[in-house]
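Down below are the structures I want you to see.
Each of the next two complexes has chain A plus one more chain, namely chain B in the first and chain C in the second.
Entry: the complex of A and B
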C-alpha cells in the first residue's frame, strides 16, 4: 500500500510546485497593491497563447513572414517563448494597472469589478485572435514524452515543469530578499506611504509590481500550457486555485503561498487517485478546514511578503 | 346615396362575437394558445441552441455550421413552403440552466417554430423539458447520452447522434477479443458519462469482460496524472473512457505524455471531430466510434465537403466532421418534412418524423437510417475507427475499421422511453 502511495506523493509534490508558481504573481499583486486581480487567469492565458505563437507555425503569427524563424530548432524557440510570453503578459498587466489607478483609495470592490471586467474583455480578445479551438504547446523533444521509474511511466515534462517551478520560486525569493529592488517592493507592501515619503515613486513602483506579477502569471501560463492545453477559458482553471492558495497560505506571505500550493497539490493528487469524484472539491475543503481554525491562513500572521 | 346598414347595434353584436372568438383562442387552455394563423408567408424561424462557451464551445460552433449550412441551402433554393427560413441563435453555454433559459426565451419571445441543437446531454435534457411544455419540436443534434432517447425522451424531441450504448456495442466485443478481458472504466461524472459508462459496463460484462475498477471523473478535471498513475497500477488490458469535450482533450494529451496510448488499449466511446481537429492523426488515439467521416467512400461525401469549404472558406476546421454532419442532416430532414407536410404544425410533423426511413445514399452512410417511432432516436450506421497510420493528407486522421448496421447495435436504453401521448403534447404552431 505504501509503495503504491509513493508515486502519488511525488505527483502531488510536482503538482503543488506548479500551483505555487501559479499563485506567486497573484500573491505579489495582493501584497503590494491590495488588489484582488481577477484577471490573473487571463494574464496566465496570454502567456500561454503568446508562447504558442512563438513555438507553433499555426499559432497565430503570419507563417509566410515568419517561415525562416520557424525553421529554428525547438529549443531556441522554446527559450524565446519563455521570455516573450511573460513579457507580453507583463505589458498587458501594466496596461491594466494604468486603468486601475482611478480605483486606488476607493472601495476595494471597484478594483475587483474592474479586474473581473478586464478578464472578460481579455478572454474575448483571445477568442477573436485565436478562436475557441483547443491548442497544445509543442515543447522540445528533450522535455517531452515519458520515462520509466520502477513499474511506472511518468511524464518527463512534469518533472521538468516542477523543477522549473522550484527554480522560479527560489529566484523570486532571492530577488525579494537579496536585492534593493526586492527591498523596496517589500517595503511598499508594508507601508506604501512611508515608501513614498522616503522619496520613492510609488506610482511607478505599483506599475512595475503589477507588471512583474502579471509576468509571473505569464510564465506559469507557458509552463502549464503543455499540461492543461490552451483555450480561451483556461485562465479560469488557473485563477481559482491561485486564489485558494493565497487565502490558505495567508495573504501576502511568500512561504505561506508556497507551502499552501504544495499542500493543495498533495491533497488534489491524493484525492484524484483514491477519491476521484472529490478531487475538485478537495482544495476547497482544505481551505475550509484551515480557515475555520486559522482565519488568516497558514502564515497570515507574518506581515506581507515576509520571507 | 346608399343607406348605411352598419348600425350601432350591429357593430356591438359583431364586436362581441369577434371578442368572444378571439378570447377563446387566446385565453383557452394554455396548450392551445400558441396556435397562430397558419399558411402565412412570414419566415419560418428556427431557434439554434448551440454552445459557444463552456466545455463544448468548439463542438457547438461546429454543429452550428452544419445547421446554418442546411438553412442557407434551402433559402437559396427558394425556402420552404415559399417562406424564407430565419435562424435565431443563442449560446447555451454548455449549461443546463442556460439551456432552460434560452429555450424559454426562444419560444415565448422569439416565437421560433422549432428548436435545434445540443452537445451536452444535461443541456439537451433541460431544453427538451421546456420544449415539451410548449409542444415545440426539438432536435437534439449531437448529445449522445443513452438517456436522451431513453428515460428522458419526449414526444417533441428527436435525437440524431448515435448514443453511448450504440458506440459501446460497436466496440466492446471486438475489443475484448483483440485486447483482453481486464477492463478499467473511467467516465465524466455527469449524465452522458454516467449513462454511457453504465451501457459500456453492461455490454462489456455481457461479452465476458472483468471490470477491475471504475472511476468517475469530475467535469472540468485538468490534471489527470493521479488517475493515470492509478490505471498504471491496476495494469488493465483495456481502458474504456466516456470522457468528452475539453476534459477529453486534456486527458488525451496527458495520456500521450505518459506514453500510455499504446498499452493498455483505449476504447474511447466517441471522438468528436472538433475535439481532435488540428492536432494531427496522432491525436486520434485508441479505438472509438463515429457516425460519419469526410473520407467515407460513398456518393455525395466529396460534394458535401466541397460545399462546406465553399461556404466556410476561412474556418479553422476546413473539412466537416461528425458534429457538423449531424447538424446538417438533422436540419435538412426537418425542413424536408415541413415541406412534405405543408405546415409547421407540431403534431403533423411529429407524426411524419416517427418511423421515417432515410436512405443510406441520401445520408452519406453505409446503411439506411430510421427514426425509431417509440424513442425518437435515429438508428443509424456506427463506424468504428482508430488513428490513421497512413493519412493521405493533413485532415485524414481516422482509419475506419468497420461499419455496424443500426439493428446490430440498437440501444436497450430506448426501451425505457415512455413518450407523452399526442393528447398530452400541446399543439404548437407559430404560423
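Entry: the complex of A and C
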C-alpha cells in the first residue's frame, strides 16, 4: 500500500523543488531590492514560451527561416532551450529592474504595483505573440515516457525534473555560500546601503541580482513546461504556490524555502492522489496551519518589508 | 511616504465635490447615450466605484495592499443570489444579506491578517483570495462552479406602497446611484472622523500608532471587515446587473485590476481617486477596445508609466494643476525626515 505512493511522492518532490526554485529567485529579489516581484510568474511563463520557440517548429519563430536549425537533433535543441529560456527571462527581468529604479526609497508598495502592471503587460504581450491556446513542450526521447518497476508506473520526466531542480538548488546554495559574489548578494540582502558604503556598485548589483532571480524563474518555467503545458496564465498557477512557500518557509531563509517547497509539493501530490479536485486547497490549509502558530513561517527572520 | 491626503479635515457632510458627483452621476442616464455610450456602462461604472471606494479604505487610507479583494465581490454576488433563491426574494433583505455575509467572511479572514503588515499581508491576501476562488470553483453544489449561478433576478424595489421594477438598465442605475449616494456620504464622514485619522496614521507608521496606545490590530481588523462588507454590496448589485454570479471576478487578475483602478486614479492622495480610476478604466476599455483587441496591454503600459513617473495618479495630476493655477506657500511638513 505505502509502496503505491512512491510515484506520487516523486511527483510531489519534482513539483515542490521547482516551486522552491521559483521561490528562491523571488526571495533573492526581495532581499536585495526589497521589491515584491509580482511579475515573477510572467518571467516563468517567458522561460516556458522561449523554450517552446527553441524546441518546436510551430512554437512561434518564423519556421521557414529557421528550417536548418530545426533539423538539429532534439538533445542539442533542448540544451539550447535550457540556456536561452533563462537568458531571455533574465534579460526581461533586468529591463524590469531599470523601470523599478525610480521607486527605490519610496513605499515598497510602488514597486509591488509596478511589477503587477508589468505582469499584466507581459501576459498580454505573450497572448499577442503566441495566442491564447495551450502548447506542450516536446522533450528529447531520453527523458520522456515512463517505465514500470515493481508494478508501478514511473514518469521519467518527473524524476529528471526532480533531480534537475535539486541540482540547481544545490548549485545555487554553493554559489551563495561559497563564492565572493554570493557573499556580496547576501550582504546586500542584509543591508544594501552598507554594501554600497563598502565600495560595491549597488546599482549594478541590483541589476544583476534581479536578472539572476528572473533567470531562475525562467529555468523553472522551462523544466515545468512539459508537466503543466504552456498557456499565457501558467505563471499565475506557478507563482502562487511560490508565494505560499515563501510565507510558509519565512522570508529570507534558504532552507526554509526549500523545506516548505518540498512540504507543499508532497501535500499537493498526495491529496491529488486521493482527492483530485481539492489538491490545491490542501496547500493553503497547510499554510494556515503553520502560520497560525508561527507568524513568520518555519524559519523567517524579521524583515524590512514588514515595516 | 512623500504624499498623502490633505492634512486638513472637515466635519461637513456635504462638500462641493460630493455635490458635483451627485449631480453628474444623478443626471448620467439622461445624457450618456447622447455622447455615444450606453446605459449599462453607467451601471458598471457605479458598481465598480462603490467597490473601489470601499477598497480604498484599505489600500489608500490604511496602506494595506490586499490582492484578494475581488474574492469578496464574488462572495457578495453569490450571497445575493443564494439569499434570493433559498431564503426570501426581497431586494432589501438580499442586499443586507450580501453585506452581512461578505462582512462575516471578511471578519474571519481579517483575524488572520490584522496583525500582519507589508509583504506578509500582501502574500496572505493573495492566498486567501485564491482559497475563496478555489472553493467557489469546486463547490459546485452551491456555486455551480465555472458555469456560475444563473438567472439571478433584478428584484423590484419594494417601498411598501409601491414596487418599482428594475428590469431596465436605467432603472437599475438609479438603485446603484442611491447606494452610491448613501455610501459616499458615509465614507466621507468616516474618513474625516477620528477613526479615519487613526487609519491614516497607521499608513504612515504603524509602530508609532501602537506606541501611542491605539489598538492597531482592532483598527485594521475593522477596516478590513467594513471594506469587505462594501464589496459585498457591490457584488450584489453586480449580480443583478449581470443577472448571474460568476467566478471570474474572484480571480487574482481581477483582484489586481481593482488595485490598478484605484491607484491609477490616485486613491493614495485623494478620496476621489478611485472614482477617477474606475471611470478611466471603463472608458479606456470601450474606447481603446474599439480599436484594438489588446487594449489591456496599452492600459497596463499606461499604468506602468504612471507608477514610474506619477505614482499619485490622476488625482495627483489634478492637485499639481491646481497648485500651478493658484500658487500657495508650500506647507511645512516633517515627512522628509521620517524616511
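FYI, the second predicted complex is superposed on the first by the 292 of 307 C-alpha atoms of A that agree within 3 Å, B and C clash if a C-alpha of one lies under 4 Å from a C-alpha of the other, contacts with A are read in each partner's own complex, and residues count from 1 in each chain.
The working rule: a contact is a pair of C-beta atoms (placed from the backbone, for glycine too) under 8 Å apart; a residue touches a chain by one contact, two chains touch by 3 or more.
Please read these numbers as outputs of a predicted model, since none were measured by experiment.
After superposition onto chain A, the modelled positions of chain B and chain C overlap sterically.
In the superposition on chain A, A:112 makes contact with chain C only, while chain B stays out of contact range.
Looking at the shared chain after the overlay, A:203 reaches neither chain B nor chain C. In the superposition on chain A, A:30 makes contact with chain C only, not with chain B.
In the superposed model, A:155 lies in contact with chain B only, and not with chain C. Of the two partner chains placed by the overlay, only chain C lies in contact with A:284; chain B stays clear of it.
Once the two complexes are laid over each other on the shared chain, residue contacts for A:246 go to chain C alone; chain B is not touched. Applying the stated contact rule after C-alpha superposition, one finds that A:292 touches chain C and leaves chain B untouched. Annotation: chain A residues 233, 277, 280-281 touch chain B in one complex and chain C in the other. If you check the complex, the residues on chain A that touch chain C are 30, 36, 38, 99, 102-103, 106-110, 112-114, 116-121, 124-125, 127-128, 233, 236, 240, 243-244, 246-247, 251, 277-278, 280-281, 284, 287-288, 291-292, 295-296, 303, 305-307.
On chain B, the positions that touch chain A within their shared complex are 52-54, 57-58, 61, 189, 215-218, 220-223, 225-227, 229-230, 232-233, 246, 249-250, 253-254, 257-260, 274-275, 277-279, 316-317.
Within the complex formed with chain A, the residues of chain C that make contact are 1-2, 63, 65, 67, 112, 115-120, 122-124, 126-127, 130-131, 134-135, 138, 206-207, 252-253, 256, 259-260, 263, 294, 296-297, 299-301, 303-304, 307-309, 311.
Taken together, the chain A residues at the contact with chain B in this complex read 4, 7-8, 11-12, 15, 58, 131-136, 144-146, 151-158, 226-229, 231, 233, 237, 268-270, 272-274, 276-277, 279-281.
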